[in-house]
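Should a chain be cited, it is by its letter among A, B and C, assigned in written order, with residues numbered from 1 in that chain.
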């Protein structure tokens, strides 16, 4: 399995120089998927024929100069199955979209292809990205490569697991309240939610439009930076995408001695698993050793974030998921009249968790409750944003644990939605404030990965990547699980 | 309970979901617990706080009035559960409905 | 209408904007195409698709708002209006709710009692829905429906009046004037029959003893009526229906009713109380719309003269008051008039011909002033032939009829029909002399003081010349010849 131990930057360099072919990389990726994914369940769809075809085309039709212009030349990637693709079905892990073929590619997919990346398949998620465990997929569960009795986190559990188990060096995920960072933390990989608007949402199946962002999963910081660079930037198809001057594809290493790093007291209180706490404290010591200044700060409205998030996210979701009505695409249940067709289709097409959230969101927007719920949440959202604005007046970055605990066992939280919602307690705030956040693997506790979350002011991803890179250089990153004889 | 069974039915109707009578009690209970938790927000006085509905500061993002290629009718309807003469078929509409 | 009730009418008018592409995507904005040939992921409501606002739609909406004296707001935003229906792909319509593009406008109607301003509450931008074709005769009997989404996403403005009209006639006047004003802006086809202009009427009867707020009166909405005349008929029927109910002591139910053209009556569609909770909320996919003074100025500069201004102008040019309204009401007619007068500046003659014979022939052929069949230069040429004596008024009418029939120029028609007035004095004098000689008795009567006798002689001359002599010339020559006979 030549090459799978390289990161994407290294793979692309070797394809560009002709040391390895795209087909060899794709073959290695497909073989690894065949070898390990039956135990993990990351992929909902593997496009071996299409991927090999694309690889051969890249190998045979492009000149060396052309390959050099492709930053991801020949790199196999996995795509979360809530990003629409023309060549592969897109289901959002919902029965509602079984067999759905999109007539267009998501902008991020177009940009991946234009950069020379080769999608090998679509990966699992909680249905419509609603969940923190990837247990809520209509098709299969995805297992944590570090311990297959445990969840990989969610909703981008397939993306995180595929990267963690070395099936691909890169994957795209989406993050509405932690859906990239939580599984990145649980699976021991890098996962970044960019600033809202930095990456186009066109072709991302909407969960909560004002919170959703697409972002990268990788095993190195420079890969995260490269993939972010490829997918970033204004898209004429997304009016909320912003014009960012192009980020450098390689990381500018930050000078830790110039960095003031805020530690919000609300994120370091009780309720954190002591194992997680130990690892995080060790990482903080390392940062200090690098010369960074650690500053205690306060984000006083943190305790309201989950409630705020669930109102806003579900209200928007209830609206975004209305289009699945059995008329133009997807699942339809037969019925004698229109109204019954609607309700039968939607009740049978959506899973329980999705339906719960639609009901909650619909209630929050309904006559008589709008002000008490939705409007109230929008106002608290303002307060949460202000917390960050004030904090960033005195610090350059904020670090927190990504998740308060270690990956949990299947079924452990499925019974109580509220407990599941609380998994996202440290991640939802950045979505509400629109800020960038990265989960960085910092070690293992009881053989399970622990992640550290970096948060920066809007559009300051480089600052995060620079510091993450500095930390990566000195912290032993856990080697991958299920290596099958591979060495790093 | 913050949400009665009747309210669950009302909301389900708005959302075009059907909740089985046997599930109603449990659904009302689950949603009520979430709403009880959400009640936390009432600790905050937000009288003078303006709402945030978007975090992007930009405004007036528009495009020129230029025609772009449409999909072919075939591609537009390829995912349709039931299609006749390039149109999507829906069952009988009982009341006036619509806007 | 009644002694005990005041009729209260408010109108909601939807106007499709004539942009090249749809409101939120690049699909062509065209009517009458094959089903689902002008759709894309955005207007089909495909998973993942996002709307992007069409700048020209905002421009056209802004001009409509300015023309209707509205305040155009520097800040407005879009909202989702949510309901399930097969013609609405996303199950929400992107519209504007609490911060619309424009508010506080007016339309001035000319009633018999004089001009009256009807307030416009708001104008907002929104997307149109698709079209349903029912399988079967009527919605109620249909076994199913077919969805065509070519129209989904076409830009609309909704113009909401204040409830300030008090009779079906006032409603008609409001619609007519509204359409006239909008027609000059050239922002819409304004065709009721094609749905590019649509009207819903809210009708309630206020008992004179009622002092509460108008908003609390039970209101009946008549939906999607397909002509101005039917709006008027629908309201008329609704007033009668509601009054009958009220007089029997039956409460009016707030509901939506359709109009049955054949029966001339309204019928219940669904009661609004039971129906929709639209759950409006701010559209997260579209940043707010901020329009600055430069934008507004730019839109003003692109606006033509509007009817009110034209009315003053025409009056100043000497058009009779009753003709002014007729000319201005139809923008194409006004344009034709203006073109004709530019070539042949006899305002009175042009107006008379245009509003009588010309209109009659045009209407008979089923044409309109957009493509009237006889051009303005040809009409001007015809009028010039009357003035120079080549044609009598009567002959000119004949020529015009022929012009409509063949499309030929007046010169060609005149030549072909051998029509032209004999203006040769000597030729006419010869005929006049023959007539005078052949009718001594009549000449004697005339000389005896019977002026009418001359008319007989004129008639005889005209007959002899097959009408081609100019009557006033014949008249003069008769007097001359008779005088020389004496």
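A few comments on the model shown:
The working rule: a residue touches a chain if its C-beta (ideal position, glycine included) is under 8 Å from a C-beta of that chain, and two chains touch if they have at least 3 such contacts.
Since this is a predicted model, take the numbers as computed values, not measurements.
Relative to the whole-protein C-alpha centroid, the nearest chain centroid is that of B. Counted by C-beta pairs in contact, the busier of A-C and A-B is A-B. Our note on geometry: subunit B versus subunit C, Cα centroid distance of 40 Å, whole angstroms. Chain centres here are Cα means. That of subunit A falls 57 Å from that of subunit C. Between the CA-based centres of subunit A and subunit B the separation comes to 24 Å, rounded to the whole angstrom.
Residue positions 100, 103, 210, 236, 239-240, 322, 325, 327-329, 338, 342, 362, 366 of subunit A each touch two or more of the other chains.
Of all residues in subunit B, those that touch two or more other chains are 14, 16, 53-54, 56, 58, 61-63, 71, 76-77, 88, 90-93, 95, 97.
Shared interface positions of subunit C, i.e. residues touching 2 or more other chains, are given as 41, 44, 52-53, 84, 86, 147, 149, 277, 279, 281, 284, 286-287. Interface residues of subunit A facing subunit C in the complex, by the touch rule stated above, are 83-84, 90, 92, 97, 100, 102-104, 106, 201-206, 208-210, 236-240, 315-316, 319, 322-323, 325, 327-329, 338, 342, 362, 365-367, 370, 374. Interface residues of subunit B facing subunit C in the complex, by the touch rule stated above, are 14, 16, 53-54, 56, 58-73, 76-77, 84-93, 95-99. By the touch criterion given at the top, residues 41, 44-53, 80, 82, 84, 86, 89-92, 147, 149, 277, 279, 281, 284-287 of subunit C touch subunit A in their complex. If you check the complex, the residues on subunit C that touch subunit B are 19-21, 25-28, 34-41, 44, 52-58, 83-88, 93, 129, 132-134, 139, 142-149, 223, 256, 258, 269-270, 277, 279, 281-282, 284, 286-291. Looking at the complex, you find that subunit B touches subunit A at residues 3, 7-8, 10-12, 14-19, 27, 30-31, 33-35, 37-38, 40-44, 46, 49-56, 58, 61-63, 71, 75-82, 88, 90-95, 97.
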